[in-house]
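Alright, structures below, take your time with them.
Both complexes below contain chain A, partnered by chain B and then by chain C.
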Partner chain A sequence: MSNKIGVAPIAQDKIKITVDDTPNGIAVRFVGDIDMEDPSIVLDPLFEKIHSSVVAQKIPEVGADFQNLNFLNSSGIKAVAKWIMKLAMLPADKKYSIKIIHNKAITWQVTSLPTLTFLVPGAVKIE
Partner chain B sequence: MSLLPRLTDRIVTLIVCLIVSSVVIFLPVSEAIKLVILLIFSLVYGFLFLRPEKKIELPVEPLPVTEEVLEPEVTETPEAKHFFNYEEIEKVGLSLKDHLKSIRERWNSKNHGSKSSAVSEGESRKLELVTLKASSDFISENIMRAFEISDNLANTAKTAFELSESVQKGVKIVTSALSQSLSQTAILFEQSKQISKIIEIMSEISEKIHILSINASIVSARAGTAGKGFEVVAKEIRILAKETEKSLEEIEQVIVDVQGTITAVVEKVDTASKQTNNEQNNLMSVAGALQGVILAVEIIRAVTSVANEKAVEQKGTMESWITESEVSDEGALEVLDGEDIPEFLQQIDQDLETLKALVTVNNPSKENS
Partner chain C sequence: MSSKPEGYIEIKFGPRWKYISPARLFIQSFVAIAIQDQAKADGIAMAASELLENAVKYANGEDTEIVVQAYPEEGLIVAAVSNYASDEAIKGLQALYKKVMTGDPLEAYINQMREAATRTDGKSQLGLARIRYEIGANIKLGISPDKKVTITIEVK
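Right after this comes the complex of A and B.
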């Protein structure tokens, strides 16, 4: 557990998720495919833990690195959207920023991930 | 009242006045004192004997209680005029009437006017809430519609994604087949090259046979008559060698043509293979884009779902506000209705007291008691 919020790495099915510390906060890295029938079983508790810990520790920035994620199904993106909407519900003084890092060579990422920035304008950025 | 007693009273009064005047005239006092005495006498006499009768005669038979009968008696009788001060009573009555009218107006105003204004105020609030609720319903319906549209869009994108995946698989099979054809034509080309080499060897053999047949002819010619038969065989072999060479040349030409065709096919298959590879990549991009659309729609669905939940919640709040507003309006009206009534009742009470005092003052029986 080499991160400030104490989240252990996840390796399930074809996906590996790790949380690392960054100078501005933490980064959640996704590697592989999220194509299981119900990824919310894995993703919901992870995002809940990240959200509550980040708010509690007043961490300013969370990176979501999808560069090595080859496939993400609709249930997976729903879990991501749900996490970002939790950020939208927070009062202004408790809001943190989410930086989505995507792979421009993967079409689905280019098409879908920028939509996430509209959920909380200003707080969610993509690069 | 009869005429006779009234006449007797007047005669008696006249006699008394004459007697008293005669007595006073002859008194040994100054004229001024005589005048004062006469004046005092007149006042005392007048007070004692000329007052109106204390008891008003009632009619023997009760009159029918109608305005026509009562009014002339009350207004025209001086005693009655004295007993009731109608002007004052009328003023008080009018005042009372005015107050009652005012109360009635206020009451009506509360129950109909102010009440209606309060009601209209409440109605206005209710109308605003109903309008807000209608707007909320409209938003909710539109959110639901957006949700349904996004749902439909997601399904369409999903179908398109599945279709593109199917096409992608087909293109993959075609690419694979083309790739196999390419490798097979390459093998065919190699095999044609081997055939060419064999033909080349056969051509060389044929040439050697031809040379051998020439040598055989020379040897047979040296042998003379004994070698004539051998000469015939050598000649036939030479002809056969020539024909073989000719056939081999033709085969070689065909093989060259076949190789040319194979090369052309290889080039075309190669081009097709490259094209299908590109198409496969494009199809992958299409599938990726469609997957992106599915995910983007899923994000919209997640947002509209939350918005819809909020709208439903808002709708419930609006309905409770409308109910609360109705209840509070009724309460407000109840307070408004009773607000000024005690003040008006007090005024009426004062008016009645005044009336009572007037009646008491003007009522001789009360005065005596």
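Right after this comes the complex of A and C.
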């Protein structure tokens, strides 16, 4: 595991997820498609692990890199929203930010991902 | 809408999850060829996929069907997804439809996302709100006396 929070790569169905260290924290990278019937089986434990580790280690920023994700169904959006909503519950001294990295050449990313920034104002940015 | 589409496809399958992805890709190709607009094709494919996911999840019986019609001169695509459903599923869908079709599309979508994040029943109930906001679709819900549910989207 080559990341400071000890998350192993995930490869399940048509999705591969890796976590890398970055200068400001970590980045979660998604490659493939999230179109399975219940993505929460994969995503909920992953986001919970990331959230608890990032808070414990006071990591300031988590990148969520969707650039190579071809499709994300609404059940997958729900899982991402659930993760983002955890930020609203944190006290000020434990807060971190989520930076969504998107691919402007993929239509759903342009229409879907910016809406996630409205969930917890100020906690999520997009580039 | 024109009286007759320039082209259409009709896909009927037993409600199995594994057929949704190939149906989405086929619909994406069909729309891209029919109206020469890749972004619209991507949006329609996303919407069709969301509707088919719901149809497969809540189908009562075997036939799940999608018909996609193209009106290239108007840049219009009409897609209709049908399945049979139980009384309980129909009641839930009617309530959801009323909720997500009310008010500003972005606000309705954000509210559904916030609600989805706290749900514990495994449902997301985001699909219709996503379709309405992200592709600006006109969405109609039809229910026949024999409990066939048809959701039709029109995108221009």
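Here is the rule we go by: the second predicted complex is superposed on the first by the 127 of 127 C-alpha atoms of A that agree within 3 Å, B and C clash if a C-alpha of one lies under 4 Å from a C-alpha of the other, contacts with A are read in each partner's own complex, and residues count from 1 in each chain.
Rule of thumb we're sticking to: contacts are C-beta pairs under 8 Å (C-beta built on N, C-alpha and C of every residue); 3 or more make two chains touch, one makes a residue touch a chain.
Please read these numbers as outputs of a predicted model, since none were measured by experiment.
Contacts of A:115 after superposition on the shared chain: both chain B and chain C are touched.
Of the two partner chains, neither chain B nor chain C is touched by A:52. Of the two partner chains placed around the shared chain by superposition, chain C is the only one that A:37 touches, whereas chain B remains out of contact.
Chain A has more of its residues touched by C than by the other of chain B and chain C. By the touch criterion defined above, A:68 lies against neither chain B nor chain C after alignment on the C-alpha atoms of chain A.
Touch criterion not met for A:12: it reaches neither chain B nor chain C. Within chain A, the residues touched by chain B in the first complex and by chain C in the second are 71, 74, 77-78, 81-82, 85, 106-108, 111-112, 115-116, 119.
Chain A makes touch with chain C in their complex at residues 33, 35-38, 40, 71, 73-75, 77-78, 81-82, 84-85, 106-108, 111-112, 115-116, 118-119. By the touch criterion stated above, chain A contacts chain B in their complex at residues 71-72, 74, 77-78, 81-82, 85, 106-113, 115-116, 119.
Residues 17, 20-21, 24, 38-39, 42-43, 46, 49-50, 53, 57, 106, 109-110, 113-114, 116-119, 122, 124, 126-127, 130, 133-135 of chain C touch chain A in their complex. Contacts from chain B toward chain A in the complex involve residues 154, 158, 284-289, 291-296, 298-303, 306.
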